[in-house]
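Handing you a structure now.
Chain IDs A, B, C, D and E follow the sequence of writing; residue 1 opens each chain.
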């Protein structure tokens, strides 16, 4: 399609890459966090819960700024990771990290609700049949929370596709590296008469996210059907 | 009378102080609304209750003038600013003649506001072009959605150098001004002001706009690092 | 393998405080609704950690509060048939059945899948999910799942409650065969099931054991009749002598012939028979010309008047102790008193199929 | 109020295709696990919309596929005791019990809460939530919830399966009393319950009705014995004559005396008695000196050899039709053949309490 | 406390007001939408689902711009509602509308997951006892999804407390009218030396949102306890 320039195509590809990696990499942590919040009681649970919600509460710029301070090459975590070859600053990985963190509270909530809906009696039944905690989780709990995991993943993906403030503050806007769709859209909207170009990108954004949304619904329905009979 | 001023966010401190002084002498209370120039311009187009608009960007003022949303007769450039190259920590100063940015940067990044969208970025790009540095530097530029974010990148050391307004550089101890771009290297940085056509308090707004151009007011702005307009 | 349980546990207003030793075989927990049977079984399964006590299967200690030992459920090698089926909704019937096998030690003796499936009549259901099963079908799959886990201890909480008589009759022999292999704790409200399966009976009431002992003793004790007088009965051991052509099997019970509808066991094998007290008629003279084929000479040991118009008569017969429940009026009319000789008439068919079981273990054989 | 059901419905591999008319009283649905009982009841409840058919209670049409009529469940005034309790987990027992009352029409006759609570023995549980109840306790609360909804039609899917005998004995009379007031569809696997409660029996097999009719007829038909031969039996009507001091009640069955343990009914009232076929002993001569008090003169109507060593003998007695299950060997030995006169010996206590029920409705009284 | 100026206190109060109203007013719609998506099948369901997720997918600035175009005094809906006395443009009600719309997808997802976890057998039981659809919903479904509703409300509230991009684009940043905490934080971050003030507001924001979070957890635990026994 020639109604998008090469720079825009690059932004589209990058956005997809960032959103996918952000979603996939944060999913295990999301499940872990959701499990911890749903099933465990410990001192500091409220704190952890609050921490996870922080990116939702704070203006994205602030989150981006805090990311810069901690995960930047000079930040405590960034400096620690750098020798290991893990660099976030000005890389698409940083954009993915920002997107993942911004979407994390949404993901965790969805998965947590699913955990809370699992009947512990089924997990007990699995335990009496010889399944250790890990196996119970893998063979009973996880399949039963799959719809919630899907919902969480879709929320995370959608958020990652739309994330802008924290990303640009943390890793700025480098075409091909960190210029995601929202950054490109924002740039168009800053100049008079940029609305038409912005609209084109908005449409692309919508189409991509809708595709993910519909795919997730179809998948969720299939999972649900298997459980409900037939 | 009470009137409302929509002003570029970078004017927050200076304009707040000026308005307090003005109120003491005139008795007119100004409600100050700060946001990005583009957002404010769009809102005025959509009928926002603004009496006076002070933009960081002549383009948006032009757009509003063409749309008939401001009174051209009242339009005036009230302030100016300078563009500077900053370095992290206490970087050694350079002169425009000896400036070799690629060498300075090495594999580091040059932090700027969006070079096609945000005024500071647009000015910066023009300056680098006229100094013959743009082509070499372009791939190394990290663009942010506003000048302050670019400043933050340099302040944290994430980027060794950046281009910001003189007003921003002055108050940040983590950065030093390496070079001030010559006046002629970029279009003049001006903050145009104008009274809106829908103004409920055109007299008070006009009075304030006029007062801003008096030496008393300009002294206040100068203290915040701004230069005289026009 | 014997099971030894001694626990105290309080939940809400209810306190479970039990101690019993169950010898090898099937231990039936019997008691009214809410008496603590499920709570007790959950403690043995490790789904509940009792506040104090000790649970062991033979030398294998599952729980000991004194030593702070609590083996988690998955290390107890259980086959637990829950009161509600608790099938995994996301797995097919086949996968539900196979679930326990994944975790069973390779060396454990494995029940044969196809045999269990056939016994439970769930062959056509294997590819369905639990949501598409009827109540009884779910329960049968749950039984299969527990049996196929190659368990070292079976816990069954009213496993047959939702099933029809015919289906029960098909499943009971399976539990009977397991009796010699795996210790079983079995909750049941059905006196017939108890009589047929139980090696040991433990009667619970309001969280306490009010009676425990060998099945024959508890069921045959007229002073307890915990199951309601109607359910009292005695257990006899008899040896198969001969299978007659007309479909009857002749058994020898202490030198006297008993006729039963054909039994599967071959001549020489020993059976348990349950003779319900209300199925025994007494007569001073040996009655003639009756359709009932089984008549044993007996000596009255005790006549105990019940709370109603009935009387429970304990009898010594060559085949063993027998109970007869008759009316007080008849007891008087017949002049029954300890030491009196009489005849016990037992209807052939009153020896119902579900009361015919294989002997429980070697040492019980006469 | 009669219930008329005619439906066809296919779910998966299973097709329900039934038609029956149930006269007023309790209609017991009887059939093996998976035969379609719950599906049928769900259709009557409106939880399932059959693909075709018609369901009506008296003139009140609940469903008619021809007319496109489908009354939603909440307009059917039901009291449904589900196979699994289905209590509301967020409500206390008391609130669960009261739930149906909120929606019952003000004018509907209301069961007395305290009476139902007492009958079910759930008084101490009222302030608990379902999660803290035992299996049987949940089931009892579910029964109470359905009964207290002032229903115009009661559907009960194995309501007593999880309960002990003593508890069953306390609840059964309540259903008996309801028999005259509300039509009841009742699923049960227990022959004793069927015999005691049923006005009509509908036997299902693989989704089809294989036998239906008045309880006495279906249960007394030796050619059907759908319940397994052991469960065959006859129903007799008898009138209470006198309560004796020794705790026995004397009844009149067709001019002959029958002795039963004390019954509650006052002299003059009529009872149904169930005499299980295997509880009857036959003798050519009138036997003397037996502990059994009830001996009726009888004429053999039919001798039907069963599939095993047994034979089912239909008898005419002054009290009505009787069934006796004896061995073929005895039948031959006694020379039983149609027309032969003999005596039927019935043990007093074999007329078990649960087989003694109040007569079902006025028109059945002799 | 005198470490916050009156304008800042105003922003705190306004943020709370906006977040509360946004949450409360959108909750019924959120429940309705969740119910529709969880329980109904209809043509255009994917479309509705996509529409609800849109604010998540789009950069907030775009959402704000679209709101400005439709709900502004000159927008189609804004112009229609104005004669009825309902004005969103540049009022706190507009800030609440923006916050509600931005938080809507989060709220709907949480509630929808809860709907899907309710055992329809319980609803059937209620129907056989004479409860009409509405009563079943009120007496069985709603109490059972309460934890999900709470989770949805908390997500909505947290998002409303942190929403910035759409709000400032739609209703600008008028002190006392539309200047919420995040807008105030943004304004501070736009001027040299504003970081300390911004940090103060960030802390206030965190404290408020944490309070709401903890309150919701306590409430949810109480609800859950009632269901699980005792």
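Here is the rule we go by: contacts are C-beta pairs under 8 Å (C-beta built on N, C-alpha and C of every residue); 3 or more make two chains touch, one makes a residue touch a chain.
These figures come from a predicted structure and were not determined experimentally.
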Review point. In this assembly, which chains make contact with chain C and also with chain E?
Key: A, D
**Study point:** Reference chain D; chain at largest CA-centroid distance
**Key:** B
Practice item. Could you find the chain whose CA centre sits the greatest distance from that of chain E? Key: C
Check your understanding: How big is the gap, in whole Å, between where the Cα atoms of chain B centre and where those of chain E centre?
Key -> 35
Check your understanding: Quick one: chain B and chain C, Cα centre-to-centre, how many Å?
Key -> 91
Point to revise | Where chain A touches two or more other chains, by residue | key: 61, 65, 164-165, 186, 189, 230
Check your understanding: Going by the touch rule set out above, which residues of chain C reach two or more other chains?
Key -> 12, 84, 128, 132
**Study point:** Per-residue multi-chain contacts in chain B, two or more chains
**Key:** 36
Exercise for review: Would you please name all pairs of chains that touch?
Suggested key: A-B, A-C, A-E, B-E, C-D, D-E
Point to revise | Interface residues, chain B side, partner chain E - complex | key: 4, 6, 9-10, 12-13, 31-36, 39-40, 42-43, 46-49, 146, 148, 167-168, 170-172, 225
Point to revise | Complex contacts: residues of chain C adjacent to chain D | key: 11-13, 31-34, 38-39, 83-84, 124, 128, 132, 134-137, 139-140, 157-158, 161-167, 169, 189, 191, 227-228, 230-231, 244, 246-248, 259, 261-262, 278-279, 281-285, 287-293, 308-310, 324-331, 334, 345, 347-350, 352-353
Exercise for review: Under the touch definition given earlier, write down the residues of chain A that touch chain E in their complex.
Suggested key: 46, 49-50, 53-62, 65, 105-106, 109-110, 112-114, 116-117, 147-148, 151, 155, 158-159, 161-162, 164-165, 181-182, 185-186, 189, 198, 202, 205-206, 209-210, 213-214, 217, 224
**Study point:** Touching residues (chain side chain B, partner chain A) in the complex
**Key:** 36, 38, 41, 59-60, 62-63, 109, 111, 114, 116-118, 141-145, 149-150, 152-153, 156-158
Point to revise | Interfacial residue positions of chain E with respect to chain D in the complex | key: 121-122, 124-133, 135-136, 139-140, 143-144, 226-230
